[in-house]
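Across the two complexes that follow, chain A remains constant while its partner is chain B and subsequently chain C.
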Partner chain A sequence: MLIAAFQYSYINAKLRALKSRLLGPADYENLLGVCGYSGLVECLRNTSYGPLLGKVEASFDGLIQMFYQELFDCYHKVINSLSGNRRRLIQHLYQKYELENLKAIVRTICQGKPKKELERVLLPIEETVSFSQQALLQSNSLEEVLIQLRRTCYHSSLRSALYRFEEERDSFPLEMALDLSYYNQLWKIISTLSRREQKIVRSILGVQMDILNITWTFRFKEVYHFSPEEILNYGLMQGCHISPERRKKLAFSVDRKDVVSNLALTPYQTLLANLEDIEACSTQLHSYLLNLARKNWQGVPFHLGTVLDYVFFKEMEVKNLISLTEAKRMNLPRDIVADHLIRCLAEENFGSGD
Partner chain B sequence: MFRLARMAKIDLQVPQDHVAKTTSIIANLKILHLMNIRKTRVGEMDLESHTDMNLLSKYIELKGRLEKIFLWLEIDPENLSLTSEEDVNPHKDIISIDQEIQHLEKEISGLVKEVEAQEKTRKEKEQLLRQLEMLSSAGVDINQIHGCRFLYVAAGLIPAENLDRLEFSLSDVYHLLLPSNPIGSRRLVFVFGSRKDREKIDKALKSAYFEKIEIPRQDQDSEIPSIQSLRGQIQELEMQKSVARKNLEKVKKELEQRLREVTRKVLLSVAILEIGKSYDKVGRVYHIAGWVPQDVVPSLEKKVLEATNYQVKISVLSSNVMWQVGDLLKIPTCFQNPFLLKPFEKLVSEYGIPSYKEVDPTFFFALSFLFMFGVMFGDVGHGLALILMGLFAFKKSTKQNMQDLGLIIMECGIMSTIFGFLYGSVFGFEHLIPPLWFNPMENIYYFMKVTVGFGMIIISIALILNIINSIKHSDYERGIFGEFGIMGLVFYWGCVGLVLFYLTTGKFLANFGYLFMILFLPLLAIFLREPLFNLYNRLVFKKKHPILPKNIGIYLMESLIEVGDTVIGFLSNTVSFIRVSAFALAHAGLFLAVFALANTLQGLKGGIFWYWLIMLIGNIGIIAIEGLVVSIQIIRLEYYEFFSKFFKGGGEIYKPLRI
Partner chain C sequence: MIMAINKGLVRKVWPAVVAVVWVLSIVLAGMVFAGSAYSSGLAEGEEVGQVAAAAAKGGGINVSWAFMAAALATGLSTIGAAIAVGLVGSSAMGAMSERPEMAGRALIFVGLAEGIAIYGLIVAIMILGRV
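Then we have the complex of A and B:
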């Protein structure tokens, strides 16, 4: 405990300072209440995003890029305050966004589309950790991408999936292989932490993986119409409340109702009852995770869980802001927008800020 | 040593043609701390330079091609260091570099293709051989497999980490998985199942990234060779490959120098173009602004001017000028401490980076840290053990942080040894050598007085540093009337004088005049800090501030609390140093426990062994646990009792540009 307090005192103080800049319930209420996109931009000026807004074009793309930029800045602040395997873990979580860019590049190459289309899609990552994004952008074929990735954890999985692309001419197997490789690597990094920290980290990231497994199962069944065997192979082997046996039950479920009934005795069943679309399920599950993170945050602060809580708060804020921006651009009514925001389930309010 | 390095601001106006060369020089010199143009007025005016992104992309493409060559020739690019004084100009050199890489590719590609083709054929044949061998060793007749009407057989390669996943996904289907030897990161696997489950199995295999291999037919009509002839073919291919590999090695040796040069040029160009983003540009002239230590300005000027044929205009704002504007511009903080004190800079920086005008507290920090460590951990044996541990970390580690830690441990060990002699303690044995000063356990009250005295010295130094820092920042209010300013110092020393008087004479000093002067007056000055300073401003600078604050009630309340806090703070801060002696006593106390346990076990069978085992474990435990606790306590004292009185912080660490 003494050592943990010594190790985490600095980062903890920093995180609490950073958390004070997150949007609070009142900010969300204001943002929900404004009229249209320009109203949203004006409203954002009165939040911690205000100083940043002066530097970007208030275009839709510019705004989204700014949200991500702010998220990445926060990531760097957190990463710079950590060392050793803890730093490696947060760095890996940050690499999730690098992976998104990598998948976008791979998709563009597979579809033979011009690189210019990537400009709108790529996330504004200035400092990449595992590969040079600029070098990747110069690649014209998957072989060239492989050369650029040869020192990363993605190389072997992408190479193993290459034959599938050659057979199917579809980027799905490649992207899926990259995702699976990413989460395998994440679990490996977690296992390098101390036992106490592993337990804490798995209770947070494990729930995130459970959420992915559930939403992927929905998607694989309803959109891709995969067989149970395929669903099991494309699912994540790790998680928190979903055991391998339960994963199998989910994969063999007939429909969504069956999936939800097979989640009995997990915290997820009651959350998903009566929900119609996959997005609503995802929002509800993330709201549960937000609740969990909030509870963790209020406990003993000297562990890696606090760091993950903050990172999650920030990520959810960015997700919510993107949903809000899209909705305001389309002038959707307040109630519909509010339904798509990740909120604290206990208090039914948005945001994690103080 | 007490002063941070004097910095000068340097502005270089560089014609476009000389930007690359200038960047190369300043990056090699590693002395210029670049100013972030985006945070200056120039940046706000959007005059920042925009690196030629097309050129940068081109260089990155060239880098990719070079990496391909490295891969072919099995060269590790990490071994190519970037320390040259290359005359690189990314704009001009692009064509020649491109041509050179093309030549290199041409010279190598023929041989590489030959080796690759041989390698591919060899691998295919080996794979086939492995399949045949595996099946024959398992007693499986390939023709029989093909003849199976109800059995479905699939062979293929699967990523090793997907094997469990595949097994799990097939758990509801009757099947047999037969994994073979690994091939790279994948494994050769045979899957047997019922033909009626073929669709399920195939879907599972596909989703587990199982790359199927056709099982060869080994009958009289097929072209599949026998195991024997395959082995012969592979051997022959390996011989051919080794010849081709030798040729490639020869070419590699011939081309290595050229490859090294062109790589340096490419990497340097990429770095120059990347750094170029930090400059600003008006027309064809680039503006590079930054900070350098005052004493190295001439050498930087000389090198840049000579290299650019005096085409660069350099203007320098000397440290004296910078001193005047120091609060307006964020001047980087450059420590200049001797080697032995360097590691302590990091501990100081953990609290905060001193601002440019502050006194560098590293010397006081290091000295008091080592002194307190010695006092709290005084033992000749433990000191020597720490010296050895520190030496090991310093010598064996390649990481700077570990070397710094090693040096600190070594210095702590030396102080621990010195105090061990003063206390007469060796691995907890108090009577092996006579104490040169005193035995802590036998002179507890004396020991406490000594450490409180040390605390008084530390607090006095903190107050003096605060006065100096306040004067340097022209913050006279804080320096004179602040609780840690001159008035605070007079009050504190007055109190110290009273205590010393009592200790030496055994009587309280009852001189009213003295008490009024050294206790009441300074506290009154602290209490009336704001009005007094306003009065001073009125008289000296003719400023027309009102003397009394607007909300007099709140002001009086705050001042009263501040005075009370000052008195209690000085007392508690001084008393806090008793912990130094307390931890030294705890050190000795822990030994009493270890000795008691060792003596108890000595009565058992093999008593001597148990005695020395407990002594060994006890000593290791004390060094590890108490060493850590003592360090934490010292850092606490340094940060809370020492730094909090004078440290302003808010500086930016000096980070010279390097590639």
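Then we have the complex of A and C:
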């Protein structure tokens, strides 16, 4: 306990200070109540995003980039406060956004679209960890991308999925191969932590992987109409409550009801029981994870779980802000927007949590 | 495998080893200083009458233990305070880097940690007062 206090006292205090700058329930209520996009920007000026708003142009793209920039700044603060394998883990979580950029570049090259379109899509990552984004942007073909990635963990996974791309002329297998490689690598990094930390980290990131497996199963079945074998191939091997046998059952389920019934004895079944929409399922599952993170945050503070909790809170805030910004730009009614915010379940069960 | 076991053992045992070395060195230092203080006290004659009187009654060993206790009280409490200030200070800096307005409140906690050393010093003065 004393050693843990030594290791986490600095970052714990820092994270609690950072957490106090996150948006609270009152901020969300104000943001939901404003009229239109300009009202949202004005309302944001009264939050912790106010000082940043002066620096960016208040265009929609500028605002989204600002949200991500703030998230990445928080990631850098967290990474710089840790050392060893813990630092490596958070760095890998940050690399998820690098991967998003890599997938966008691969997609653009595969579809033969002009690279100018990428400017809108790419996330504002200034310092990349595993590859040079600038060099990748100069690439004109998949072969050139592979050469640029030859020293990274993504090279072998992209190469192994290349034959599927050549058969289907679709970037989907390549993107899935990158995702699967990323999560395999993440699980390997978790196994380098101490046993106590592995248990805590798996209880958070494992649930995140379960959520991905469930929502991917829904999408693969209903949107892409994949065969059960293909769904099984594209699923994540790791997780918290979903065993390999259950994963197989999910893949071979007939429809969504069957998927939900195959989730019996997991916390996800009751959450998904009466939901129709895939997005609603995703929001509900993420709200459940937010509950877990809040419970964890209120317990003993000196462990890696607190760090993951904060990172998750920040990511969910950015997701919520993007949903709000898009909804306000389209002038959607308040109720519809509120249903898509990842916070409702948490507030009903735990109050504000601040 | 052997290397892995050794690394694990070293990781588990090192705080205990460091603590034992600290305590032993303080005890040793206390004994050395107690001995030299006792002998210098005797040399000064009547001015340190209490020391001389205690020695005359055959209480020399008790006096050395008193000096050692005072040294331990000061030394250990200072080490404890150093650890506490290290922890609280770094945490305070972490919080202040994000919210500078917390500087005043954070310094109070650093002061509380520093108080541990003063408690030790007070105990040492009380012990020395009875010698």
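Just so it is clear, the second predicted complex is superposed on the first by the 346 of 354 C-alpha atoms of A that agree within 3 Å, B and C clash if a C-alpha of one lies under 4 Å from a C-alpha of the other, contacts with A are read in each partner's own complex, and residues count from 1 in each chain.
Basically, contacts are C-beta pairs under 8 Å (C-beta built on N, C-alpha and C of every residue); 3 or more make two chains touch, one makes a residue touch a chain.
Model, not experiment: these values are computed from the prediction.
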{"item": "Fit or clash between chain C and chain B when superposed on chain A", "value": "clash"}
{"item": "First (chain B), second (chain C), both or neither touched by A:Gln134", "value": "first"}
{"item": "Chain B versus chain C as contact partner of A:Ser156, first or second or both or neither", "value": "first"}
{"item": "Which superposed partner A:Glu229 touches (first chain B, second chain C, both, neither)", "value": "first"}
{"item": "Which superposed partner A:Ile11 touches (first chain B, second chain C, both, neither)", "value": "second"}
{"item": "Which partner, chain B or chain C, touches more chain A residues", "value": "B"}
{"item": "Partner chain(s) touched by A:Ser81 [first = chain B, second = chain C, both, neither]", "value": "second"}
{"item": "First (chain B), second (chain C), both or neither touched by A:Glu144", "value": "first"}
{"item": "Residue range of chain B overlapping chain C upon superposition on chain A, of 435-443, 489-497, 525-533 or 651-659", "value": "435-443"}
{"item": "Shared contact residues on chain A - chain B and chain C", "value": "2-3, 6, 10"}
{"item": "Chain A to chain C touching residues, read off their complex", "value": "2-3, 5-6, 9-14, 16-18, 20-21, 77, 81"}
{"item": "List of chain A residues in touch with chain B within their complex", "value": "2-3, 6, 10, 132, 134-135, 137-139, 144, 147-148, 150, 156-157, 160-161, 163-164, 173, 177, 184, 226-230, 232-234, 237, 244, 248, 252"}
{"item": "Chain A partner contacts - residues on chain C that touch it in the complex", "value": "15, 87-88, 90-99, 102"}
{"item": "Contacting residues of chain B [partner chain A, same complex]", "value": "56-57, 60-61, 63-64, 67-68, 71, 157-159, 161-162, 164-166, 168-173, 184-186, 200-201, 203-204, 206-209, 211, 350, 628, 632"}
